[in-house]
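As structure tokens, the structure follows; a few thoughts come after it.
Chains: A, B and C, in written order; residue numbering restarts at 1 for each.
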């Protein structure tokens, strides 16, 4: 495992090692030879314009889309050859774009479902832990999920992912359609989980400014290729890159 | 009065069977968006297998069990081998596939068991009882029918509501992609769903057969009734399927009793057309404008 | 229904002004082939040939509905029954009051009425719903004959006395062949002339504006609606045209079989027609014809094979459906291009074209169908 150095100077291992990952849809190369390392216990933001391949990257890592070539190493496992349904058992949780609440089920059933696929060898996470993080979910535990607001749904899917005791969390556009205050709350929570519990987060965001405010590293994709892989501070300070790819 | 009571009781009993069959269709529709028209010949084949076992000298209940178990196996095999490749494809493919299976199972039954009408035993009495002056058309077998369908429905409800397997199956049906991300083996859940549905279908086949005649096409009209009942209930709702089955059973029993037995299937078509025109989402849908 | 009444008129105009010359040439060649076969074959072979013909007419109608408009009907056997019973009511005593052509037209029209009724309701439906509704029709219609057994003959059915061969045709045939035209040959001619006329009309219709609308609705109903196509009207008109074919098929079937009984119009007949259409390749009239041919000659062959293998006759008769049911499943599993693939290929071509911006809307972007060849 290669070592990476984060902004605060702490040494850290590599949670996900992505090498030469290529995904094609027909003739279109959605991911083109993507390589970078995701440091463990840190938040890594994946940035880029619409269509840059951010969502495809997450879907390829978690096995929803087959990789054409390349590898994704999680410990000794090559995820590019692992079916999606085995990912939670290996400690990888993916919260998809559009949130993925199962709206026909109750809040509690959604959470229970998350716990069923928990990482191999871990103890069940009590529901109360999620209710401690997100009080509103506890108040509505028996309500059907389609009655939840957008922010509550985002809390539910993050809580559901945590029920599986993951080591790596892939998060796709958590800020989509949410009020800035709620976005800040959620990003804050992620920062806390990374800092205090060593959770590795790979965060795909359209909103580069707020993503870089919590992330340790930033990877910029453009047309399926990695154009920058820097510490978050460096990225935020690079005016040229910011203007060209991040739009702020 | 006498006739009205008899007709109503007969309708309720038949309605329970239609409800069971509709439930089998709904289970499959919810998870794979396929109406399994082959459900009828699948149930027919398992019932004829049971008849072989009973004719060979085994007790009725052994045959009963054999039918349910062969339904389980048949349902699983059909899903895994035939249906899996068309899942998520154009819906016309799946419909044609189930009809191809319909034809094949009919032919196989004709080849193996012959096309003759054969009588199927019933484990309980087939005559009604008297209360004072009234002949009550509720037979022992009728009571058995109602009780066992209720038991099966309660068992299914408990499975889906209280067990981890049921939770996984529901998740796989509602949102396959998210379910996979949560570690649910979606393919396996669909196989189990088809297997369970086939067991319920086989049960309906046994209940229709009891004390009556069986032959390769004896379930053909039941798949129509089951489908109409399921659409009455909204096609997506197990509870709706049960209520739809009971309502249809009653309605068809009155048609049969007061208009003529031969018009029953056509009456079910009229009911289907009315429902689809007036309330396409089923009788209990809040939004009647849902596109079907 | 009143809204779609102008449609047949427009459709007819299209048919006659359309690119019909190639189809007419093919029709003449076909007629020639039919004459050669009918005159050469025995009476028994001619009855078989006639059966091939009426299945072909119904399958042609079904392939237009399913292949061109994407609707599925499991009830075409029931529509054949309606045509057949209408014919039988006219021709049950051998003293016809209406000429044969008139009987065929009336039988077709009665079926069209039933088809419009079902079609109007079915137009709002798709996929499994329309399949279920037509399945109910297929299972339920024979019950009408049983219920009104005084008029419709119940289980025994109604006998049909085919009208005598017209004298001018007898003379004409004698002039060329030097022998009398037998009733079997005559019926063979009636069936196949009906088939040729039907197929020419269907082929022209599918090349016309109406056919293009049907395909547009099949490929993408939302886009078709945006482009100004009335979905309900397109679906109902396809359904009506298709049931007209089934009614005509039933009418000539009644003449050939000389008996119209519920046992002849079970669900099996409906499923057989669907099989013919699937085997032949959905949407292709040639395919429907080939499928119908297979289904009229294969059962005899399969039964013979079965009997030579030591099966009794009723069991040997199950071999044919076993084979074609299995082939139907195999077509869906192994050659998915048969249906979805063709649709997808059409869509891909259409979107490829849409990227070069053509000013016209749907009518021009929908590809020519498979039926023109």
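One rule holds for everything that comes next: a contact is a pair of C-beta atoms (placed from the backbone, for glycine too) under 8 Å apart; a residue touches a chain by one contact, two chains touch by 3 or more.
What you are looking at is a predicted structure, and each value in this text was computed from that prediction instead of being measured.
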{"item": "Chain nearest the overall Cα centroid", "value": "B"}
{"item": "Chain separated most widely from subunit C, comparing mean CA positions", "value": "A"}
{"item": "Whole-Å separation of chain centres (CA-atom averages), subunit B against subunit C", "value": "32"}
{"item": "Rounded Å distance between subunit A and subunit C, as computed from the means of their C-alpha atoms", "value": "57"}
{"item": "Centroid spacing, where centroids are CA-atom means, of subunit A and subunit B in whole angstrom", "value": "44"}
{"item": "In subunit B, residues with contacts to at least two other chains", "value": "none"}
{"item": "Touch list for subunit B against partner subunit A, complex", "value": "164, 167-168, 170-171, 174-175, 177-186"}
{"item": "Subunit B to subunit C touching residues, read off their complex", "value": "29, 34-35, 37, 82, 85-86, 89-93, 95-97, 99-104, 106-108, 110-111, 114-115, 217, 220-221, 223-224, 227-228, 231, 260, 262-266, 268-269, 272-273, 276-277, 280, 292"}
{"item": "Subunit C to subunit B touching residues, read off their complex", "value": "66, 70, 72, 74, 118, 121, 124-129, 131-133, 135-137, 139-141, 143-144, 146-147, 266-268, 271, 274-275, 278, 311, 314-315, 317-322, 324-326, 328-329, 332-333, 336, 339-340, 343"}
{"item": "Subunit B-facing residues of subunit A, complex", "value": "62, 64, 83-89, 93-94, 96, 100, 102-105, 109, 112-114, 116-118, 160, 164"}
